[in-house]
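Each of the next two complexes has chain A plus one more chain, namely chain B in the first and chain C in the second.
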Partner chain A sequence: MSTKTKGNVSEFVLRTPAVGPAIALVAAVVVFSLTTNTFLDSDNLSLIVQQSLVVGTLALGQTLVILTGGIDLANAATAVLGTLLMAKLVVGGVPGTVALVTGIAAAVAIGALIGGIVTGASLPPFIVTLGMLTIVTAVSRIYAEGRSYPVTDDTLAFLGTRQYLFGHVEVTVGMGLALLMFVGAWYALTKTAWGKHVYAVGNDPEAARLSGINVRRTVLSVYVVAGLVYGIAAWQALGRVPNADPNAFQMGNLDSITAVVLGGTSLFGGRGSVIGTLVGALIVAVLRSGLTQAGIDSLYQDVATGVLVIVAVAVDRFSRRKQR
Partner chain B sequence: MGRRGSIGRGAAALTAAAIALMGTACTSQKAGDTGRGNADGKIKVGLVTKTDSNPFFVALRDAARAQATKDGAELIALAGKFDGDNEGQVAALENLVQQGVDAIMITPSNSTGILGAIKKAREKGVLVLALDTETEPKDAVDATFATDNLAAGRSQGAYVKAGLAGKEPKLLMLDGAPGGTVDEMRHRGFLAGIGLAEGDSKIVGKESTNGDQNKAQQAMENLLQRATDVNAVYTINEPAARGGYAALAARGRAAQVLVGSIDGGCQGVQDVKDGKYAVTVMQFPKKMAEQGVQAAVEFTKSGKKPSGFVDTGSVVITDKPVPGIESKDTAWGLQNCWG
Partner chain C sequence: MSEQVPVLQARGLVKRYGKVTAIDGADFDLLPGEILAVVGDNGAGKSSLIKALSGAVVPDAGEILVDGEAVRFSGPLDARRHGIETVYQDLALAPAQDIATNVFLGRERRRSGPLGSVFRLLDAGGMRAEAARILGELDIKIKSMTQAVETLSGGQRQGIAVARAAAFGSRVVIMDEPTAALGVAESAKVLDLIQRIRDRGLPVVLISHNMPHVFEIADRVHVHRLGRRVGVVSPRERTMNEVVGLITGALALSDNGELVEVYR
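So, the complex of A and B:
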């Protein structure tokens, strides 16, 4: 009896890689709530979510790419170019909505380009996105002419400035949008044929091909969708910091990979979930906030985050080995 | 069953590690209240620098820590991950306000990027001081403690002019980052000091280096390729001066060219002593930090706010003094340098 229950529980954990990270997140929240007076407070919990929005959204796109066995080093650079397009076009007199759509479209185009090269020329995503990171960063700097562009337009800053109070909790439109995107991605990955194809391609592209899946089209579609997600990340970024800066988010690609890994998604592809990624992004923000509440300097906060990443990957490796 | 159980243990290990890491949190004091006006009377000051890596900010942080300890205050030092990490600085500001600090000192990566977070902090009664770099507009913060970079640039320019002793300048300029506030002030100040207008034909070339030694060396190599008869070089900071010197020395031109710089880091002063470049204009991050912490402590005790721009000064450091320019030698420089 008890053995059976135990088996079910561990099977659940195995099938749902987000459970481990979720336990870690809850543990972190409990520990910080007990040890500091300022952590557990509706304002602060709202802040933590707001602080996770941009990296969380970047990590959502990153998760899709990593599930196919790829990696995207250019995601944050793409979003930065998006913010610059949006903000600078508005300065030039273009209406906010048009600028917004242009910025997002540029991100989609970059995604399509990366996906096209990866699938068309069969080049490793690491190399393609490394090259694209360099190109897009340079294009951003050229386009920005060495300046940053403060955002005055309401549409562009909308996700962060429009706030509602639920009881005492401050909720921004950006938080709602992010939730919607994560739920949408979760649905698409787990309940649709496309989602099953994404996992299959990541697990074993050859087996996927033999079972009739169009591997190239699936991978290409993932990079295009990821581009769309990065475009929206650009919008989220302007909601958080209403200033498009070509020097921003230089570590955004690695930060997003950190969130994905902490969320239990395997860097080898085919295994993981976007809910785990959401949890992973929250863990990083909870650590930063909680350790600051405890009066700990940022360098030690970085040490803590780094250790967690290694532990998370070790857990993933460990569980995979045991699976076989 | 056994193998599956170990997966559960894996997840447990992750959790345990997380808890162990956060155990450090237990060292914080448990005051009986939340927010400002700490019951135990301990004054809390937050510091948010551009990065944790630049020696200038390390000097700033260490001096702030020392002053805080002296005044019986607690300092929490946070930083962006890189120059331009506005999102990181905003999160740091938010977390410090939530923590209940009485004052925040910040060196903004971007003069406008963090204004929203500063406004929210001030609305909650936190004193916000800018160190080293001004915000735009300046009155977004309560007060600024910084080098007057226009004056520092002017000193460098005036020294180079005097050092040329009447010779016509043929100038190369190793600039910082395009569009940087501090970078442009130093550039403009230098031109005012040497008495040249922007676009003058005596400015033989200029190049952005981002204040990076390797980029400066490369820029200088390229500039020397097309301008062989230069006699004066402006540099945004000491790493740029070192890069410029390396390129000049490789061509055997170092002795004929007068190189000026700004910063006052210990390595820079040593370079001046070694004769690599003629002059550096020292700034005083320690003063910025000390005066900032003192102002924060004063505010917490008496409610008195500092205001406006507080110039922490700059001093010309050289072993070859020129008439009409007040300067100190490198012996004094090595005693007062930072980093």
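So, the complex of A and C:
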């Protein structure tokens, strides 16, 4: 009887990979609420969410790519190029909306290029995106001409500047957009044939192919959608800090992978969820905020995050081995 | 039994993988309504042959004909559109996904109305119910259609792949060693299912190493050796030992249909 319940619980956790991370998130929130008296402050909570917006959005695109069994090292670099395009175009007199669309379109184009190379030449995504990371970073620096570009345009800063008060909690449009994107991605992945194909391709590409799924087209579409997501991450970044800096988000690619892993998505592809990634991004932000409130140095926060990543992967491995 | 047009036919198929020639000028004929067993040693090229027939590999040379018309399959979907369903030797299931998803993988059903056409919403409930019905017909006992395939036994997995092909095949059903992972009772069920498919009027291609199974249900036996067909015999006219002789090359089929011993 008790073993049966235990089996059902572990089965539930395995089938719903976001449950473990969600428990960890709640635990972290409870601990920091009890041990510090500033953590639960509504301003602090709003700040935590705002701080996780950009990495969270990058991690959303990263999740899609990782679900196919790939990885994207160029996501943050793509977003940074997007911010520079948007900001510098406006400085040059282009209307904000046009600059915004151009920046997002560039991110989509980079996604299409990566996807085209990965599927067309059957090259490993790690290598392709590593190369693209180097290229895009260099292009950003060349384009930026050694400076950063402050954003004064309302459209570009809109996601962070337009705020609403819900009770005592400040909510930005950016938060709403992020939530919408996560819900949209969850819907597409779990409720549509495209989502089933994304999982199947990551799970076993040959089985997917034999089942009549167009593996290349599915993978290509994922990189294109991810590019779109990174373009929106660029917009989120300008809403958060109204300044386009070619040296921003240098660790953004790894931070996004951290959020994905903490969210319970398998780096081997085919298993995981975007809801888990949302939780994973929040775990990192909560941990950093809580440790800051507790007066712990940011380098030790890095140590804590690193430990958490390894623990998350170990737990994932362990629970899966038990299933087999 | 005068000149029937084969439902599925191949002429001179060739498929090379580097230096290995997996299919070496193979012919193949599947007649309407028959169970055709394909037998041969490990590595004889049986799976490669049926992969060419099911669109999973594109042959380097040769032609494939469906109902006498030449076709060109550039992917499994092409064969499927011709009503050819296949149980692959390695099953082609997505282990982390649930049973209903696997049964409908690559042919998902959407909800009717704008929910389906605009929002692309899948008919999850309908597919679950249909999957349960399809598996029920095969007497495959599974608690829940939302169980991940990797949590099932090898036999249950094989059952899902078999049931999926049986349910969706409309012209030909091909099964590559569908009873390999099955126990006695489960094998009997699959053999029974194969006969039911034939009774429905669909021809079945059965690849098997199990001679008693082959002799129990096959109408004709296609013997494959070193990448090509070395003969087609009737299980009623030949013994298991004779078929084994053809498989190993100890016997050969002469032009007038006589078995001759091969001295080496």
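Operating definition for what follows: the second predicted complex is superposed on the first by the 316 of 324 C-alpha atoms of A that agree within 3 Å, B and C clash if a C-alpha of one lies under 4 Å from a C-alpha of the other, contacts with A are read in each partner's own complex, and residues count from 1 in each chain.
One rule holds in what follows: a residue touches a chain if its C-beta (ideal position, glycine included) is under 8 Å from a C-beta of that chain, and two chains touch if they have at least 3 such contacts.
The shown structure was predicted, so the numbers you read here are calculated from the model rather than taken from an experiment.
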Which partner reaches more residues of chain A (counting touched residues only), chain B or chain C: B
Touching partner for A:88 - first (chain B), second (chain C), both, neither: neither
Partner chain(s) touched by A:191 [first = chain B, second = chain C, both, neither]: second
Partner chain(s) touched by A:212 [first = chain B, second = chain C, both, neither]: second
Partner chain in contact with A:307 - chain B first, chain C second, else both or neither: first
Contacts of A:251 with chain B and chain C, given as first, second, both or neither: first
Touched partner set for A:199, first chain B, second chain C, both or neither: second
Overlap of the chain B and chain C footprints on chain A, listed as residue numbers: 11, 14, 323
Chain B residues within the chain A interface of the complex: 1, 3-8, 10-15, 17-19, 21-28, 30-35, 44, 52, 74, 76-79, 81-87, 90-92, 94-96, 98-100, 109-110, 112-114, 116, 177-179, 208
Residues of chain A touching chain C in the complex: 11, 14-15, 188, 191-194, 196-197, 199-200, 203-204, 206-214, 270-271, 323-324
Touch list for chain C against partner chain A, complex: 56, 75-77, 80, 86, 88, 90-97, 101, 105-108, 110, 120-122, 124, 146, 148, 150-151
Chain B partner contacts - residues on chain A that touch it in the complex: 3, 6-7, 9-11, 13-14, 19-21, 23-24, 27-28, 31-32, 35-38, 41, 43-44, 47, 51, 54, 145-148, 150, 237, 240-243, 245-251, 283, 285, 287-300, 304, 307-308, 311-312, 315, 318-319, 322-323
